[in-house]
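Both complexes below contain chain A, partnered by chain B and then by chain C.
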Partner chain A sequence: MASGYEDKIMSPSVWHPRDTTEAWTFKKLLDSDAIYVAGGTLLRTQWESGLAAVPKHLIDLSSIPGLTGIEKKEDSLAIGALTTLGQCRKDPDVLQHSPLLVEAVRSIAASSVRNLATIGGNIVSRVGDSLPVFIVCQAEFEWNTGLSPMTEDASEWVERLQVQLPKASHLLTRVHLPLFRETDLVPKRFGAFHKVGRREAFTPSLVTVAINGGMKPDGKIADIRIAVGGGQTIPHRLVAVEKILKGQIPNRELLGEAYHAVMNGYRPKSDPFATDDYRKKTAANLIITEIWKTYSEWADGGREPDGAY
Partner chain B sequence: MALTRTTSGERWRIRPDGPDKVTGKLAYLTDMYQEGMLIGRVLRSPHPHAGIVSIRTDKAKRIPGVHAVITHADVPGMNRFGIVNPDQPVLCEDRVRYIGDAIAAVAAETQEIAALALESIEVEYVLLPVVDDPAFAQTKQAPRLHPGGNVLHRNQYGHGEVGKGFAKCKHIVEESYSTPRQMHTYMETEGGLFIPEDGGRLTVYSPTQHGYKDRMQLARILGLPEFNIRVVSSPIGGSFGGKDELNVQPYGALLALVTGKPVKIHNSRYESVRAGLKRHPMKIKMRTGVDENGRIMAHQVHIVADTGAYATLGAEVLNFAIEHVTGPYTYESVEVEGVSVYTNNGVSGEFRGFGGNQAIFALEGQMDRLAEKLGMDPWEFRLANMRKPEDPGPLGQTIVRTDGAMRTWESLARSPIWLRRHDRRTSEPWIRRGTGAAIAMHGSGLGFGIPDPAGGMLALAEDGKIEAIFGYEEFGQGLIATLELMLIEQFGFGAEDVRIVIGDTDLVPHSGSSTASRATSMMWKSLQKLRGPFLDRMLNEASKLLSQPADNLRIGRGGIWDKSGEHLLLTYALLARNISEEIRFQTHFPFPVSPTKRVGAHYLYTYAAVAVEVEVNVLTGRVKVLKQFHAIAAGPVMNPQGFLGQIEGGSGMAVGFALTEDSLMERGAYLTRNLDTYLIPSYADLNGEIEVHAIEELPEDDDHGPRGVGEIGSVCIAPAISEAVFQATGKRVNKLPIDPELLQETPDFLAKAVDGI
Partner chain C sequence: MINKSLAERRSDKELECEINGQPMSLEVPPTRRLLAILRDDLQLTGTKVSCEIGRCGACMVLVDGRPVNSCLTMAYQCQGKKITTIEGIGQDEVDPIQQCFLEEGGYQCGYCTPGMIVSVKALLDDNRDPGIEDIEEALSGNLCRCTGYGGIVRSVHKAVQLRRNSS
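This part shows the complex of A and B:
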């Protein structure tokens, strides 16, 4: 074949690093000509659609030992970044300790995709539906930055994403997902995950919300974290809503205030498939209804709080 | 009778083409491969509307591994295609009218080289204003997309005087309905293998719903006699009307002839979305009035269909919509007019339901709104205005006497879903439940004035197989299984005795198209006509060989039996080996048409009455279809599994039409370019229970037998869902797919706190 054309029709080279440092080194050397690939399920769709060009080099992370699997620790689950979504969904410890994550993973793509796609890939895509859960559960992401491992709180990480792209060479290795237990001081924990798409399953998200909170014996909300995402929105916390609710017993007025705080605080990224207003109302409806349900269950438990209905 | 696996008994059979399909063993035409074949690709316009200044192919031609680069200059015959109205360029000369328009085609040794060749073709365009709105397209300011202007077709129908009719009305409902640009979304995208043969012949292995029509069109394009082309058109991985028109065939055929080598083309999903047909988006304005007794005095309809860049069957779809906006009702006066308009919005064309889906959504919406105004039960209101069996058809034409409307109406009225429609209990206050119903009559066949030939052949092959030979295609609908069951039940053959030959123009007779819910009817009718002569001849030949009177013999499984059925006397193989002359019978006849001379008017109709139960979550506005009931009057059920499959499948497509599917376009470009944004219903959306009742009895004098059910399952779902949503939420839907935002509410427990802030 004559020269000049080979370049244009060559397949990318695939590199198989033996450890994360080697992976990081490849990335450093090849720079923007290379990309980390785990399951490759999202990248593939981007290449096919022309959203991203197929790079010259693929750094295959699946060959690195020790990045898969879920380990139960005293107060947390350590989830290897290369653990597939399918494994996350079926893992006995995740099933027992993190129904929110199970629900989130269940809502992502379809089983054939989940068998390839990894939890790390879902996170570093920056718009994955597992992210809101990690944010509200105060998960920590562990990164190989080439020097020493670095950990960062999920919500701090997404906050940073709002202003700048993450370093492309940083390699997510592990997620530490804290486990929340009911205690004497906070006898009731509540949480919810909702993903609303345009169909019931295997759908891109329009709105994704996650809530994780605790209620004191007197019905006051002890702690609460709320995160919203969906579509191409990088998930973020609704700090103002959390503030309104924290330390309060939810009543109609407070819920109304929180409702408006969701409407004002949620910053969805527009696309042609739903209006921003729809996304905001959906998020507000789902979040406030969850708080109301939690409160109603508590109230039905026989304790009559002040300012009840 | 409720049609289920259980009620079907032994008639519920494993379809002959089933195992190979579900195991992936079956090679579709687009899976075919030949040593030394080239890969064909088509260069399509990136602009929805532009003039072509120049096309330069030199660079592309110089790429090693590229065997041909062709443009309009290389089309030896007519550089146009279109089943009825050939106005679409095979390869554009001086202008492109949609983003799928073809400009050049290449044949290369690999996919990669072909892709590179496409990139290397230099086309200079001058951009033209995009006509993306059918209303604008009809104005004087709009650029003319075709020499005859921007109106593809206009048609009307009417009787009585609507002005006088409206004057007598107590209530008038006026509404404008909009329907989406639905995509066929077959699993197998368009493609095929094109092989030049000895003697200047060409074999085309490529899915289509009418092999002979493709052959005719290709002959026209290639400048070849039709008999030089063999079209193998089956099996197909889904079509739904979308592969009825030519798609990749002209390019594959041209490239194969130019290079003298086999050429394979197979569209990616992106290319399929971009180049392929869609359902006509329609805006249907209706004004309908009733007198104080609930009788419809006047019905005025105006339809605007966005037919996109080229005609294909746009005119016929509009005619069908005009015929179906009146439905199974009688009116004192009717005035319908419609226009199908060219735009730069892709190409709209034939799609299961054929304009009926849009028409019936609007019409049934009117019926529900009128009933509400009258304070009447919507089903009773329909009954009060229902056509009588002897009434003429929707266009005033003579039709076969039919009581399908009444029969399906009654069946639905007794259905469990309908009987419990007032029970609105749900698990949560923000979940609302509602039930809605719709009824329709749907024409089958192509209609008056359109050549609609039918026919088939039966033969005893040399190896003793009974061959049933038809020019139809299997695209998943179950045609092979249905034909096999007819041969077993009506002739007494065993499944292993028969061989079904379809979808190959070198082997099959002209049977017409596998469209318009016609194939089952026409196979049945052909077999009725062939049965007597064919069996008589078999028995006579057997009688000679066995030296027994034919009266003592009977046809059975495996061969000729004695009258008692106790002894197999002669296998079909032995019979075939010993006959003096070939046993082969052929029949030809047209699809039955109305004596009334109105182009497109139908003669045979099927009926459906459908009830659905839905849940609406007002927090999200999302609608979930819980249960469906379908009463279908389409004559005797030829194949229970196939019948059920068609109704359930048609219904699934219609749920998509109602709830999720729309090919969004912006300035003539698709925003939904793949199945990650264009969403067809998933299993989770369709897992509700579906009950199908088949009403098999026909009026005594009706000898037309079974009617096809390929479309009827898809036409009533959208209006039924819309009414169910209204019952659940109090909100009227006039636009599909239903926008969840319309149905969203602030939860009750918050209403006071949130109101007014």
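This part shows the complex of A and C:
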């Protein structure tokens, strides 16, 4: 299969910019004949399968110093866009402060692919499994736009993707991932990431779900963000579900209402492997189960309260 | 128009790297796959070709000690790197990992075995005492179409035990 493509794939010129401005300049000069390449794993599979044409020019981002690595700041983690998924998976600060991201990254491909693939590449693919986590954790994406750096909330970025493609010249440089801490007002933080595929490991996702929330001392949900994606679905928030749950103590009626809101709010793309109805039910079951599990664990050390769902 | 300064940033066709401990200087296009370089240019055919989209792990090699799929890796990504293929593991004598695969029936048709051995080598170099979850995660990108996973996992456990005893 690939041998036919080999000659075509062999032909592109590869450019190694010294900084992000130079990378942006290459992109502006070479325009649609060129693409940015980080780890190149997704691109390579698209070229091999004929899903995407091999461009005439590749702009290699790995040559740019300063785009890799993870820095712990007071209230956030700054993750360079060229940091590999493998580095994210094993970074001590990510392991300690962002189990959601660890879980998401662990579910992406296999460790050998994660040694090449980057967090930036996963994001700009627009359907990467890390995106729901960045949405619910209110991450900010930092871009080089050629003029000045631009920072954009992850959920606003994906919302914009629903209506327009991102500018091909914009270059993701860094992800700022806020850290959530328990406080007197919100003494319990909770979160979950689930990926459902057709097999246990190294599987494309059918449904992905990420939840990040906090619970007040009285058991009311103080804040909650929920995002869903999977397959070729661009992940998005379930704002209506969040509104139903916020400020409430989970019970049978409330969770029933939230279940229907997931079914109505999730907009998955179906494919020959799974219908959109299957995906909706899967997402709704995962979300409601997680919220109930969290509340049950909190309420009297796991004892089910009155009105249990 | 690309000016002279930017033009200098173009990849040339010379790849300089180390393969199985040997410094190499190869004239190849910068996007040529490492898999093709190893098998077709250098006749290192222990690295197997199969899915060619990073799913099966038959073409696994170590780049600077970390496992990567050589079908997904381009020549320019290997510039200055140390590459180890199955031929570089146990060059002088059978590697203990290979010996464990022999003793525990980790081979059936054998096609996936080089990739499996490379992945296990990377795992044990990184983690001397992996649990079953670590083993499953490390081998999740290596498929055995004979489905001989029982023997493979047994082989890895034995290799872990050997390392534990030797340390």
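Just a few scattered comments:
Keep this in mind: the second predicted complex is superposed on the first by the 291 of 309 C-alpha atoms of A that agree within 3 Å, B and C clash if a C-alpha of one lies under 4 Å from a C-alpha of the other, contacts with A are read in each partner's own complex, and residues count from 1 in each chain.
Keep in mind that, in the parts below, a contact is a pair of C-beta atoms (placed from the backbone, for glycine too) under 8 Å apart; a residue touches a chain by one contact, two chains touch by 3 or more.
Here the structure is a predicted model, which is why all the values come from computation and not from measurement.
When the shared chain is aligned, chain C comes close enough to touch A:115, but chain B does not. Of the two partner chains placed by the overlay, only chain B lies in contact with A:273; chain C stays clear of it.
When the shared chain is aligned, chain C comes close enough to touch A:17, but chain B does not. When the two structures are aligned on the shared chain, A:202 is found in touch with chain B and with chain C. Applying the stated contact rule after C-alpha superposition, one finds that A:48 touches each of chain B and chain C.
Look at A:256: by the touch rule set out above, it reaches chain B but stays clear of chain C. When the shared chain is aligned, no partner comes close enough to touch A:157: not chain B, not chain C.
Once the two complexes are overlaid on the shared chain, A:282 sits against chain B while remaining clear of chain C.
Overlap of the chain B and chain C contact sets on chain A: residues 1-2, 9, 45, 48-49, 110, 201-202. Interface residues of chain C facing chain A in the complex, by the touch rule stated above, are 1-2, 6, 9-11, 29-33, 36, 52-55, 57, 60, 63, 66-69, 71-74, 76-77, 119, 136-138, 140-142. Every residue of chain A that touches chain B in the complex is listed here, in rising order: 1-2, 5, 8-9, 45, 48-49, 110, 196-204, 207, 252-253, 255-257, 259-260, 272-275, 277-278, 281-282, 285-286, 288-289, 292, 309. If you check the complex, the residues on chain A that touch chain C are 1-2, 6, 9-18, 22, 25-26, 29-30, 40-41, 44-45, 48-49, 58, 60, 62-63, 86, 106, 109-113, 115-116, 201-202. Considering their complex, residues 63-65, 110, 112-113, 115-116, 119, 268, 270, 430, 618-622, 624, 659-660, 664, 666, 671, 673-674, 676-677, 679, 681-685, 740-741, 744, 746-747, 749-750, 752-754, 757 of chain B touch chain A.
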